[in-house]
Each structure stands twice: as structure tokens, then as C-alpha cells.
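For clarity, chains are labelled A, B, C and D in written order, and residue numbers in each chain start from 1.
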Amino acid sequence: MNAPLSPTKVGFIGLGQMGKPMALRLVQEGTDLWVTSKIQNAYPALRAQGATAVETPAELANAQIIFLSLPGVAVIRDVLFGPEGLAQRLRPGTIVVDTSTVEHGATLEFHQRLSQLGIDFLDAPVSGMQSRAEAGTLTIMCGGERRVFDAVHPWLERMGNNVLFMGPAGSGQLTKLVNQLLFDIHCAALAEILPMSRRMGLDPAQVASVINSGTGRSYASEFFLPRILERNFGDGYPLQAAYKDLVSAAELGARHCVPMPVLAAATATYQMSLLAGHGAKDKGAMVAFYEDLLNVTFQADTGANHG
Amino acid sequence: MNAPLSPTKVGFIGLGQMGKPMALRLVQEGTDLWVTSKIQNAYPALRAQGATAVETPAELANAQIIFLSLPGVAVIRDVLFGPEGLAQRLRPGTIVVDTSTVEHGATLEFHQRLSQLGIDFLDAPVSGMQSRAEAGTLTIMCGGERRVFDAVHPWLERMGNNVLFMGPAGSGQLTKLVNQLLFDIHCAALAEILPMSRRMGLDPAQVASVINSGTGRSYASEFFLPRILERNFGDGYPLQAAYKDLVSAAELGARHCVPMPVLAAATATYQMSLLAGHGAKDKGAMVAFYEDLLNVTFQADTGANHG
Amino acid sequence: MNAPLSPTKVGFIGLGQMGKPMALRLVQEGTDLWVTSKIQNAYPALRAQGATAVETPAELANAQIIFLSLPGVAVIRDVLFGPEGLAQRLRPGTIVVDTSTVEHGATLEFHQRLSQLGIDFLDAPVSGMQSRAEAGTLTIMCGGERRVFDAVHPWLERMGNNVLFMGPAGSGQLTKLVNQLLFDIHCAALAEILPMSRRMGLDPAQVASVINSGTGRSYASEFFLPRILERNFGDGYPLQAAYKDLVSAAELGARHCVPMPVLAAATATYQMSLLAGHGAKDKGAMVAFYEDLLNVTFQADTGANHG
Amino acid sequence: MNAPLSPTKVGFIGLGQMGKPMALRLVQEGTDLWVTSKIQNAYPALRAQGATAVETPAELANAQIIFLSLPGVAVIRDVLFGPEGLAQRLRPGTIVVDTSTVEHGATLEFHQRLSQLGIDFLDAPVSGMQSRAEAGTLTIMCGGERRVFDAVHPWLERMGNNVLFMGPAGSGQLTKLVNQLLFDIHCAALAEILPMSRRMGLDPAQVASVINSGTGRSYASEFFLPRILERNFGDGYPLQAAYKDLVSAAELGARHCVPMPVLAAATATYQMSLLAGHGAKDKGAMVAFYEDLLNVTFQADTGANHG
């Protein structure tokens, strides 16, 4: 059981797929929560639980803590530093907690610009899909000052059950990135190896079963292999939305002079899949790029579909 | 329970780490087993169970089925086609079952050369380490003629509990290869991503726990992450022994015009690790190549070891 | 012969290896040139030709055109937008011409920030080493508005004999980048192919002569092969200084979703060479990274040096 | 002028694009030349110069030297070791000179199998197209025993003006390969960089001129850039015919544990281009693979063709 919360005014911006259930958790657990939204279809549910909905981010300016759950760098930059930006309205000492997944370089920029205004920032991306947000069992990876992490910890542990302090500014995003990059490489590996096996005449269902019972298995293979066999490319996060992780890694590797050649090759597969029109599908769909090249389909063998 | 075996003389060549327990399983399950070995220290155990040990492979020439469990192409080529080679001594109709892991191209050559002599061949590489060989619970992936597979199936199911017919000549090796390639890519991915995370200041133990509880996890990460943190590079199969899988894949990809760029990048990491002197260590040791480049060590943080 | 110049006050900041000879050309050709410098050892030569030297960039604020020749983004950002930054002092309508080589993304940022202040910007990186700067025969690749290009063209043609308008903001940097990336790939290709040939037993001098008389030749091979054979790694631009091109390309490829897998592999070679300590040497020194791995040296065969 | 030839019976097999002009040079320079051909349309020209045409390779069995100029490994293996194979008919001491371009591994096999029969073999691939074969100005790169090279040198110098002894068996093929690999990498680099430049808005003709006057230039860029701008993909050697070089390199790199990551990335581009249907076009056509992905065309700007 979590310790009781101190009476703190908390704001939340971005009530989307993740933000809405996260905000609901906060308010259900007794937070004095103030929300604002562009789309606003999350208001009724949140109000019903006791949240206060306001018209504009500006009205959150006197909150002590503000959570963000926004799609990406451009929106966050606009919300914080745009013409109507929140940053210039916040009092020194306010804490902004960004639970969005954003590029490492951009997060460092946010830390620096807010710090110049005396505002504390924590990068705190989450993992776990919507269902774990609803259950309050997200993994939350935090980067920034320890002091800031400690201050917001009571609220973080209402949203996640694995709340980690990873180190200085950017460390939260970086930790999440490390996990994502491995996942992305695993998906790109499947994309080239599975169609090859098909081209060489193997039976897809048997190959899938050998992999998932063998040393070649991964979360990626367990999640995607059954779906690829059934040609279902809609259950995972879409390629185009997750692409920002690869942008983040490419910039980080380049700027910090860290060679990551396997990732670089996987990134090219990812990009080719986007360019070939698979962006709205999930990462399993990278296999389709190679299937088209090799003129095969990695699906349950019907005795007739071998290219 | 398996059906009783017909009275068949069965030979077994190669009584090593895998061959010895596999042969033991056969003889314990009632096989009329004849063995031969260069090193011969497996003889007492096998004889105790009822196997007959002979001096030379030539004395196995009148067996109806011969199993091989040998280190690689060169030895197999010598045993079958060398000056004292078995192939010319076998009667047409004999079945040779190769449970060794060998290059796809070489297995096709064995199939073809034996077939010209009227001898049946099955490529039947296994997966599972020594412990699963002892338990008779190997996965056995077979390529060749269905008729040949059916004929030897009673003996295969004494050694493995997942005995798969994968298709024509080479399909067994290919199936095992597919699994290994994914595993190798996962290891090479860890090799570049983990030291990067350390270089950027993250704590190795926390990174490991995020990966193994996240979407980035794989059999490779579950097996190697704890060992890398403890600097234990001796529990897995050595890099230099497993390298033949990558040779096999490189040849296959080149000859059949199948692009595998992620694998190619992983192969370079593998090769660089071999050239840097890590060949006797397991695949987790590829991380050391990148650690040296980046001047970091991915081990439990002692507060002092950060390069 | 160039047309006479209108009476225009022109500033020049950055009198280094390239900037000094470029500024000299301008003043020799009749420009009313005002210069400023941190290091100032170029003043005597420039004053002797009629240039006016001032203490600080701020004193150039009323120039109509200002040229920059600075080492990289950080310095330029400081000169333009730092605490003592020039940008806020310039009058609307002033033209800033940046002849430095900088990242594509940063150049777009400069264009945008200056444009908000009503200042015109032209990215105008040059190619040709110091000698061509002295001769006034640089290639100058320009990006920005056509109108701005036309306005500064009379001065550009005093410094270069191949002055190109390439398109909108960033196009100058991009054009130079395209050339550099090919050069970098050619160097990375030599780095892996030459030591391989040596490892396989070929004679370096003969290999070099076959390449430079064959279809494998390039500017890179013509420049570096003789120097590599003589172990001279000091004639070209140092790896660490040129690395910014690869950062620029990595960012551009990631942000614009353009797969460049050959470049990505070459970039890893470049980074490994930097990490292995070759940063102060020229691009020919990437060969040393592979020589060390393969334990060979690609130098004239003395009959004894074959690893 | 070359020294007079000793009275030696010389055979020539493979009177194709390269073989015919090479054979013509030999006979014009006084060789006692015996030729045989499957297609035979080279007979009149050769007979007119004094060559003797025979029905089958078997009739060349008593020649002292036999030259081959054949398309690839399969044909050579058939001509030498097939059912009607020449090898078993040749007397010990005969010299076979293979001027074809073949995989390094296969050439080593030919050396070994002929040597077991007491026959000397020289791998002697040539570079220079048909025109240089006609002029007798080929580059000929030889591998084998020095003694054998010396014995056939008088005939080699009738066909080439740059006749090189490169070292032991395979060294000739390897030397040619080194040159080809650089050329192939340069072509693959153009394939990804040029469409990128177009996608970013640059003018193709200007980009081409910057490259060919800059440090990014190569034989590949000089040959292909004008042709790519004109969409002419028919002047060079077709992708599918030259692909054997990449197979050779992939096998060599894998077997000898030599990492070549840039080549590996270029090989994937090459393979994707073959799979996408460009095999009958020359290496310039790899650009089309990326053009299709990026939806641009790298051709002279007409003001309307920008994708």
C-alpha cells in the first residue's frame, strides 16, 4: 500500500491512450488533479472521479507538479515553449514530469531550458501498454535529479509498480531506449530470417515452433510469430509511431561516437518498410518488405503458396 | 512410450559431449548398438549398457543405420570419404544419419555423394545441450527423403522428444541454422547496446533488469545478462566453435541471393570478437569487444568502475 | 575578369586555415573588408593589403555582408547567438554568408533564427584545401534564397571559380555533404579491403597499382594508397575534424527516413577508428583499425612484415 | 617488342566476347594455336589468321598449354572434370591457364585437383573490356607457381601489357577481386547517396558535377553518373553476371574470418537490386532500387520530375 499523498496541486496534459488511464489512476488514488486536453473526450471519466478540467494549459500554471503524456517532441516543445507555452508561466520550483517517450537529445534540451527558468524536470517514460497503465503497473524509468525523483515518487508509484531512478537528465529516456532498440533489432532480424527460411523451402509453422522453443526465441518472436503466420499486423504499436526511437538512437550514436552497426542495419530495414508503405502496421510487418523482395509469404503452409 | 524396435544393427560414430549420451539412450532403449570412437573413453559406460565397441569405422560397414555426431565438415568428410572412408564400404540401402551441426552447403554435398553410391542420408542436427541429450529430450530437425525419416524415426524418438521432418535434403540443418542465426543476432545486439548504455552513464544491473522484464528480452538476454554482469564468459558454447553457423549462412545468403543485412552486421561483430581473441569464450563475450572500444565495463556498479 | 564591386562594407570572422586566404583574396580584389579574430595572427597580412581589423565581432554590426569561416556549430552558435552574439546587433537586411562546413540540421536552424530577425543567411561551404583558397579557385556550394545568392555573388566569385547555387536553405551544406559521404565511404572501403588482401598474402604495392589503374580507383585511392604504403597518415584532414559530416548525415538520414546502409557501415568503421585513437590522423588511417584486427600491415613488402 | 615464341602447341577454349580477341592476338603473334568452341562463330576469323579448329576439347589433349576463357565455375568444372572432362586426358606437365573470372574458393579447388594429376594450373583473370583484349593491352593477374608463370609469360604478354605475378594459387583471382569489390562498393554508395540528394531537393546534374570534380569522385562515378542522368543502364557489365564476385568475397570473408562490413552492406544493396529485377542492367542501375523506395528519379531536372 502506498503512503498517503501530501496536499499538492497536480496537473496532467495529454489525456490520450496512455495519459487518460494514468490520470485516472492518480485521481482515484486521491490526487488533487487538474487536467486539460485538446480533444477533451476524457473529461467525463476524469471529472467523475474528482479531477478538475480547465480550458488551457495556462490554467495549470500554479500546479506544483505537472505530468505530460504527449505524442512527441514537436507537441511537447509547443506546449512548453511555444507562443502560448507553459514554461514562462510556471513558478520556479515547479516540477514537470514528462512520461512521453521522446528523443534523448530533445529531453536534454528540455532539462536545460527549464532549468534556466528554475523549473525542475524529470524524464520519466513508461513501458507497458494501455492495459498496464489502467492497472497502475507500468514500468517508469526516470532521469534527472534524485531530489526531484524523490519529490514526485509518491505519484509515480500510483501509476507504476516498477519505478526506477536511472541517473541524471536523460537517463530515463535512455533506459527505455535501450530496451526498445533490442526489441527493434529482434523484429528486424525476424524480418530477414523468416522469409529466407521460406524461400529455402521450410514450413513456416514448423520454423516458428522451433524458434519459440529454442535459443532463438525472444519477446518479439513470441509476440509476432503467431501473428505473422496469421497475417495479423495490427496488434502492436505502429511502425511510424515507434520510429522516433530509432531517430533518437541514430542521433545519440552519431553525437557520442558510439558505433552500433547491427542497430544501423536494423534501422535501414525499418526505414525501407516505412518507405514501402507499412508504417501503419506493427513491427511484425517488416517481414512483408522481405517477403515482397523474395516473392514468398511466411504463413501456414497450404501446399500452394510457395513463391 | 515408444514402440519396440525392429532387430537392426545400428552404428554410432562420435562419442563426445553429445554423442555419448545419445548413444547411451539408444542402447538403454534396446538398440543393437555398435560404437567406435577415436578417444574411446566412452566405451566402458556404453559397454556396461550392452553396446559393442569396435576398433574402426570400417567394422560398422554392415550396419543398417549409422549415426554420426562429429565436430564439423572436415571430420565428417574424412570419416565418410577419406582414404579409410566408410562410404565406399557401405552397402546400398544403408542409412547414414548425421546429427552433427554442419554447413548447409556441405550437407547438400554429403547427400549428393552418398546418393550416387545408393546410400540414404538424413541431416538431423539436434538442439539442446548435453543435459537434454542425457534426458532423451532433444529437438531433432531432419532433412532428406520422408521414407528415410520414417525408417529411422523409432531411433530418433529415443533420443529426442521433438523430432521434426522439415523437408528435403538440407532442411534439418537449415532449420537449426534459422534458430541459431536469431540467437547470434540477439547476442551481437547485446554486445553493442549494453556498453553504449554504460558509456552513457546507466547502471548495468538496472539496465539488465529493465531488459529482462521488458519487450527487449530474449533467450540470449536471459541467459547472458546475469553472466555478463558477473563477467562469466564460460557457460555457453564457445564463439569459435559456433562460428560455422555464420559461415554457413554467409555462403547460403550469397549463393541464393538472399540479403540478410542485420545478420551481416552481426557477423562482423562476431568476427571482430574472434580476431580480438575472445574465441574460447561464449557469445556473451562479444560485449567485451565493444567494452574495450568504449572503455567501459558492463558489470554491477561499484561506484568506481565507470570509464 | 570579375566585374567591379559596389562600395559595400564587408566583415569576415574566422581567419584560420581557410578564412585567412579567403579574406586575403577579398581584400586584394578591392573589397572594403573589416576583420576580427580571436587569435589575430592573420592581422598583419590582411592589414598590409588594406583590411581594417577591429576588436570584436560587435564592431562589424553595421557591415552589409558578413562572412564566417569557423570550425563548427558550437562556435558559430556562440558568435551569432551567444551572450555577445552578433545576431541581435545586425540590422535587418544584413547578409550572413557561412562558408564553414556544418551539420545540415544546424544550418537550417541558423537560417530560421536569423530570418526571424530579418537577416538573410546563405550556407556556402567550400571545397578545395588551403591552396585553392589562396588561388581563389574554391568550389562554393550555396543554399538559401536566390536573391541573396545574387547579391553576394560578386564576392563569392573572388574566392571561388566554381560558385554554385544549389537551392533553398541547407542545399549548400547538403551538396558538400554528398561529396564528402562518397569520399568517406571510399576511405572506409579501402580500410577493410586492403588489410584483407594483405592477410590473404598479396603484395601491397602490386595491389595498389592494380587498383589505381583499374575500375576500383577513386580520388580516395589515388590520394591515400601511396601514403598508406609509406605509413603517412598526416597529409589529409584529420578524422576527428571531419567526423561532423557523418553526424550530419546520420541525423539527416534518421529524420528524413532515408536508408543509407553502406554509409552506416562506413560510419561504424570511422567511429571505431576514432575510438581506437586514430582521430588526429587522416582518413587513410582507418586502415590501421583493420590492420590491428587482422595483424597485418599494408606496406611495401620487405619480405618480412607479413603478419 | 616481345621475344619470339618457342614452338609450342597451345589450345584455347571459350571463344566468347573476351576469348575470341585474346585468341586472335595469340595467333597473330605467331602462336601455334588450336581452338575449339561450342558456338563456333569465331572459327572463320581465327582460321584466317592460321589457327587450327578442332571438334572437341579432347583433341586439345596433347597441347602443352591450354587457355580457358569461360563464363564461370560450372562450365569450367564441366570442361575440366565433367564426364568428357579434359583433365584426365592431359599429360602430366601440361599447363592450364584460366583467364576466366571465378570464385576464389573454386580456383583453389581447380589448383588442387589438377595438381593431383600432375597438371600445372595458373589462375590468370584479366581486366579491361573487349576493346583492351583486342588491343592486347589487358591487365592479367596471375596466381600459382612462379615457374608456371614464367613458362607461360611469353604468351601472356601477347595478350596484356600489364602482366602481374601476384603469388601462390588463387592470388590472381584475389587481386582482381580486390579491385572489383572497391568498384562494387562505389556503385552501391552512389545508389543510396544520389537518390537521397534528390529527395532532399538537389539538382542531379549539379550534384553530378560537384562529385566528379571533387573528392567523392571515382572511376564508378565518372563512368556511371552521366549514364544515370540519361537513364542509360546498358553500357556496363550486367549485375547478374558480375554477382559472382560478391559470392566469392562473401565466402572468402566467412571462411577466413575477415570482417568486411561495408562490403556486406553493399552486397545487400546489390542483392536487393537483383531481386527487384535489375539483373540485366549494369551496376549503375542499383540507383533505381533506391529511387523506387524514395519515389524520386536522379535525372536532369526538367522542373517537373521531382517525386
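Observations on the structure shown:
What we mean here is this: a residue touches a chain if its C-beta (ideal position, glycine included) is under 8 Å from a C-beta of that chain, and two chains touch if they have at least 3 such contacts.
These numbers come from a predicted model, not from an experiment.
Of the pairs listed in C-D, B-D or A-D, the one whose interface repeats that of A-B, with over half of its contact pairs matching by residue number, is C-D.
Set against one another, A-C and B-C show the most C-beta pairs in contact at A-C.
If you average the CA atoms of chain B and of chain C, the two centres end up 52 Å from each other. The distance from the centre of chain A to the centre of chain C, with each centre set as the mean of the Cα atoms, comes to 38 Å. Contact with two or more other chains is made by residues 253, 258-261, 264-265, 268, 272, 275, 293-294 of chain D. With chains as nodes and touching pairs as edges, the resulting graph is complete, every pair of chains being joined.
Partner chain A is touched in their complex by these residues of chain C: 243, 246-247, 250-251, 253-255, 257-261, 264-265, 267-268, 271-272, 274-275. Contact residues of chain C toward chain D in the complex are 127, 139, 141, 162, 164, 166-168, 170-171, 174-176, 178-183, 185-186, 188-190, 192-194, 196-197, 199-203, 206-207, 210-211, 213-221, 223, 252-253, 256, 258-266, 268-269, 290, 293-294. Within the complex, the chain B residues that touch chain C are 261, 265, 272, 275-276, 293-295.
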